[in-house]
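Across the two complexes that follow, subunit A remains constant while its partner is subunit B and subsequently subunit C.
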Partner chain A sequence: MLYYLAKRLGLSAVVVCLVVLVLFSLLYLIPGDPATIALGPRATEEAIARYAEKMHLDEPVWRQFLIYIGNALTGDLGLDVFSDRPVTAIIMERIGFTLALVFAGMGWAMLIGIPLGCLAAVKPNSWLDRVTGVLSVGTIAVPSFLVSIWALLIFAVHLRWLPAIGAGEPGDFSDQLSHLVLPAFAIGLSWVGYLARMVRASMLEVMGENYIRSARAFGLHPRRVIFGYALRVAILPTITLIGMGFGGMISSTVFAEIIFARPGIGKLIFDAVMARNFPIVQGAVLVATGLYILVVLFSDILIAWFDPRVRESL
Partner chain B sequence: MIPVSENPSESETGIPAVDATGLPDHVTEAEIRESAAREHREKLRSFLTNWQGLTGLILVILFFASAIFAPWLAPYDPNALDVPSRLSGPNLEHLAGTDQLGRDTLSRILYGGRVALYIAAIGVSVSLVIGLILGMIAGFGPRWLDSLLLLLFDTVRSFPTIVLALATVALTGPSLSVVLAIVIITSIPQYARVARTATLTLRNTDFILAERSLGASMTRTLLHHVMPNVVGPLLILAAMDVPVVVTVEAGLSFLGLGVTPPTASWGTILNEGYLVIRDAPWMVIAGGIPLILTTLGFTFLGEALRDIFDPRMGKGR
Partner chain C sequence: MPKDAIHAPETLLDIRNLSVDFRTPRGRVKALRDITFPIRKNRIVGIVGESGSGKSTVLWALLGLLAKNAEVTSGEVRFGDRDLLHASEAQLRATRGEEVSVVFQDPMTSQIPVLTYGRQMRDILYRRPNLSTAEKRRMAVEMLGKVGIPDPDKRIDQYPHHFSGGMRQRAGIAMALLTGPQLLLADEPTTALDVTMEAQIIHLLQDLQKELDATVVVVSHNLGLIAELCDDVVVMYAGEVIEAGEVREIFHNAQHPYTRALLECDPARIDDVSRKLPVIPGDIPDLTKPLSGCIYAPRCQRAMPVCREKLPPDVARGEMSLARCHLLDGPHHDPSWPPPPDVMTVGVGETSASKPARAVSDTPLLDVSDLNVQFETVGPLRARLRGLETRHVDAVLDVSLSVAPGETVGLVGESGSGKTTLGRCVLNLVPGQGGSVKFEGQDILNMPEARFKPLRRDMAMMFQDPVGSLSPRKSVRALITEPFQIHGITDVDLDAEAERLAEMVRLPGPFLSRYPHELSGGQARRVGVARALALNPKLIIADEPTAGLDVSVQGEILNLMADLQAEHGLGYLIITHNLPVVRHIADRLAIMYLGRIVEEGRTAEVFARPVHPYTQALVEGVPQPDPDRRRAHVSISGEVPSLLNRPKGCDFAGRCPFAQDHCRAEKPPHVTMVDGRRHACHFPLT
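And now, the complex of A and B:
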């Protein structure tokens, strides 16, 4: 386990470095002066000179990269072009909204999707199974940003049940919660379908195993057999799916935040792109990608923890 | 991968009994052809009786036809302004209403399908070809190259698609070719991974070893012997990838980072509708329907094809 952990961590570290390299070289792949590109056409001469000095643009490119990666590792992502505030502080302000949204979205999808998949697998070809099948294909087929727009249209504009924009008054928990409902619904919906399908498929496979038959023969309660024995094994591919799908989740979070004007990381990146505020784009993209790598790493370690066979395969 | 058929005499003796035509003596060429034809008919029948597959096929044909024949089908010019009747609801003159500039939404949807088709056709085929080549090289080449390529694929996959697109557009500005490039780069790893796994299992099979011992070059082995066995699952994957590609295009155009106005795309229609969502809800409804139908069509088609041709592939999803 320790060997696997070391190898997996090393791999993630290399990937993070490559990600930083890609973000760094994007600036140089575009023809033109990096300072002008990074700061945008609105930047003053003075700002460009300051940026050039700050980014060590007079040094050779590889030194610049080393300096950049060193700064990034110590939490220094540069300064906001317009307000001159540290990018790290701005991201820290916003990241809570994004994390709350992602957890809420994934949370309700898991709460509904996993039991639905179990029930569908326990009684294959029952009406519940059929409904689940149609439901999951239906929810997977609708792109999440479309769900956001339509949810906004139906529940906020037409029915006026829930607020349409913003994240709620700071400090007012119930207000913040009511602002969380629609975006979380929108990004979680397709995951209900994914999870139900995945759990159903692996559950069906596991239910045919001998040890399940033995557990049943011992006279254990069916609920205990399903949730205590079968689900423990059947959940493994689902954990991988959640880990891998987290990137898609981040993408749909970007849309949900923009559509519902929620001040998270996605909205931050989008606004910075529109204002051509490149230090913010670079920093926030790095954080979002790092988050994704972390989640994939965590899910892989979790799998290796549950299933010793996986440890051998890296 | 096509399973290699074994005839019984071979498993008993270890040496296949072969006649002058190169076939085992208890089967004739006609019999083999007959059996292959029967299998084809079986597969076709199971596809035609699969309601999901058929629905998918119809929707996909509809998608292609409406995009290709858009100039003949569209009742109006997609960019023709008709300001007096702006933001009119669905009526007999404008079946899906008009937008803020009085442009006919139905015509814009039909023309928007052409952008989606363009991105899907070029994006999917280019990334499939590149992914296939890289995957075969990774699977067949030396170990270090394999590790290097895998690391590259992992890096590309570490970027959430939309986030990578945002970072790129921040530098280049919005354009259709940037969307295309993003789509291609982010789709390559999944094709390459599948191609690599399939190549790895083929690598040590007898017929590949025989081919190599006869002195065939690496290119010849890969192109003539490995590729035909690898490409099948990739095509099914491609059908499943179309919805993703179309959604990425629509999403980026929705954010104003894809096609530039006044070009119609499903994403820009949704964006224009989003801006007037309180006054004209039909625009976001009409703009979303073709997107859902396309996604549904390709997903159904891909799944039906997968279930029929490659039942094992389903386990990974």
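And now, the complex of A and C:
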């Protein structure tokens, strides 16, 4: 297990390095002087010089790369081009909003999608199964930004049930919660469909297994058979899917945060790209990648916890 | 001893007029038709019949756990004052696992892999809310101990994959008996196990039944097991009970022509070691078609015109004995039926001349000497981390073996003994580490594939799982001509070849356009034989050629293989754990244990006078299809050790009743005796 963790962490480090490398090369692949690109065409001579110095632009590229990595390891992701504030601080201010959104989005999708898939599999071809089938195809097909816009128009503008923009008053939990509902709904919706489909398929497979028949033959209650036995095995591939799904989820937050004007990482990246604020883009993408890797690692550990065979093969 | 000598036992469960249909796209399969038989209290009842005869369907119907497309069209199952067929779901749930419990066929797939035994057993006790968790655990530990699991206190916290096959089945029995059920159902409880394990499980069931005063129903197609274990026997054919009776009545004085035929086909019963095995011609009828008259008429040697029209009467002999045949009663009664037990009623298939004395040539076709095959178990890094000295296991250890043209060599051993690995190494599918493999004098061990390829035409493999090893999207025609394509042979007329091969394995022409899932087990096996024969090989390596086949079909395949050998002078290396079968077909036997050959010699001699204690255990371990020849004890206990911790001395020392200190210290070398037998034992039996 320790061996496995060490291996996984080593691999993760390699992935992060690769991401930084890509981010770096992007900067150099775009024609023109990196400082001008980073600071934009309207930057002053002075700003460019200052930037060049700070980013060690006079050093060879590989050294710049190493310096960046070294700094990143100590939590220093450079300075914002415009405000000169540390990128790390800016990201830290906003990351909470994105995390809340992603977890709320995935959370409600899991809460609805998994039981739905389960029930559909238990009674195949029932009306519930049919409805689930149609719903999941429907929700998967609609892109999350469209859902965001519609949700905004219907629930916030038209019905005025929920607030439309912002993240709510700092400190006021219920206000923040009410601001979270619509964006979380929007980015989670297609995941309800995915999860329901996935769980249904693996449940159907597991329900046909001999050990489910055994559990029934021992007279266990159907609830125990379905949730204690079948779901316990059928959930395993879904955990992997959810882990990987966080990546896609983080990218959907970009739209949701723009549309609902939430001050999260997605919006930060978007604004930074528009403003060619390169240190912010680099830092934010790096943090998002790191988060993603952590979640995937966590999901793998969760699987190992659920499945003794996996645990022992680690 | 029958327990009812004085007063007749009462009936625990009474199945009356049970009929079950399955709705399928092909139409309604009338899987059970009017099944009636009692299950008497404190007896072990065996249900026997060929594949598809409806044995499992009866069991599942008792539990109310039939497949979703099943429909019970009539009948009742009386259990006490209840009718299980018409009980509510809640009532059934209270019965299942509590009063009626089950042991499953395949312990590998029927226990959930992600829960410990402790958890699974606690779940079964969920209807006892007044028991604390600790008390439930104590009960479970006790029961695991009772079925012979060592250290039950520790093993209970392990998962199924920590247990070997035999241990799992023991645990399965413990789970079934945990609640003290009145009725225990066992569906093919030993089919997935090795011979020595099977013997142990049979005895365990027998002992527990006596100790707990339970009633047991065992479903099996293994006549030996039924004779060894059961008190009453029910014979099923194509969804009907055609005969029932006490075990001696069935095995010594069978009334129904089908029962007779089934018994005569069992290779374990045939002492005369002629190469031909008797077979029941034809196939089980298609149960979607309308049925009339006697269900067995199309295959019956004694069928009369009336048999096809009129349902035969159930002729009763005793309290639960009956047989369904026109010969036994009514206007067509034949007083001379059944003939004495030693008269054969079935022929030896439609096949031609019995085998001529084969010219077994002296120059071997295949000559394996001191072959070793190792498998890497852990990566180099991990071995370092864990401080392991060796990263390999010896799957095949110093094996020497030869096959002459026209000779059949049987390679026998339990699962994990390295039989299949040896076969694969000979075919250059896994690399060997030391020793030599010669084919017609040419050394072929680890030969590069490019040079080996032409030799593949001369050596063919018949795979273990016929349907699984055939590509499902190809027609039979394409499948049996595939070897030509693999070897890029274009100068033959493929259609003509397909017909030639189909005729050779006696597969009727129309089958050429079928697909694997439309074939029965025996037919799929024939396709496997045809593929192996396509390129006129000299040597065929057959991995379990008859595993999973019914006795009658098994005879057909073996007869076919014998005919082809006589015609073409093929050499066979037959890998199997089925001793009764190899006894009939093999000239020589090699017994493998944990990767080593422990005994080798002429088949008849090995059977008559085993030299190695393991061989003796195997030979004695075969259950005999004769209730008067039940064994009083199990000859060997314990299990095959893991390759990962091969004993230092004799591999068999841990289970050998004759083991001495010397055995545990030093590996016995291979010794050739004066009569040419070879063995590896310090203290051979004489």
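Throughout what follows, the second predicted complex is superposed on the first by the 303 of 314 C-alpha atoms of A that agree within 3 Å, B and C clash if a C-alpha of one lies under 4 Å from a C-alpha of the other, contacts with A are read in each partner's own complex, and residues count from 1 in each chain.
Everything that follows uses one rule, which is that a contact is a pair of C-beta atoms (placed from the backbone, for glycine too) under 8 Å apart; a residue touches a chain by one contact, two chains touch by 3 or more.
All of these numbers come straight from a predicted model, not from anything done at the bench.
Residue contacts after overlaying the shared chain place A:Tyr229 against subunit C, while subunit B stays out of touching range.
Of the two partner chains placed by superposition, only subunit B is touched by A:Ile269; subunit C is not. Residue contacts after overlaying the shared chain place A:Glu209 against subunit C, while subunit B stays out of touching range.
Using the contact criterion defined above for the overlaid structures, shared-chain residue A:Val157 touches subunit B, although it does not reach subunit C.
When the two complexes are overlaid on their common chain A, residue A:Ile259 makes contact with subunit B while staying clear of subunit C.
Of the two partner chains placed by superposition, only subunit B is touched by A:Ile140; subunit C is not. Judged by the touch definition given at the top, the superposed model places A:Gly219 against subunit C, while subunit B stays out of reach. Shared-chain residue A:Gly247: touches subunit B; no touch with subunit C.
By the touch criterion defined above, A:Ile48 lies against neither subunit B nor subunit C after alignment on the C-alpha atoms of chain A. Of the two partners subunit B and subunit C, more subunit A residues are in touch with B.
On subunit A, the patch touched by subunit B and the patch touched by subunit C do not overlap at any residue.
Of all the residues in subunit B, the ones that touch subunit A in their complex are 52, 151-152, 154-155, 157-164, 166-172, 243, 247, 250-251, 254-255, 257, 270, 273-274, 277-278, 281, 284-285, 288, 291-292, 295-296, 299-300, 314-315, 317. Remark: subunit A residues 11, 14-15, 18-19, 22-23, 26-27, 30, 37, 137, 140-143, 145-146, 149-150, 152-153, 157-158, 197-198, 201, 241, 247-248, 250-251, 254-255, 258-259, 269-270, 272-273, 276, 278, 281-282, 285, 288-289, 292-293, 296 touch subunit B in the complex.
By the touch rule above, subunit A contacts subunit C in their complex via residues 3, 209-211, 213-221, 224, 228-229, 232-233, 306-309. On the subunit C side of its complex with subunit A, the touching residues are 63, 65, 92-98, 101-102, 104, 106, 109-115, 123-124, 126-127, 159, 161, 175-176, 382, 385.
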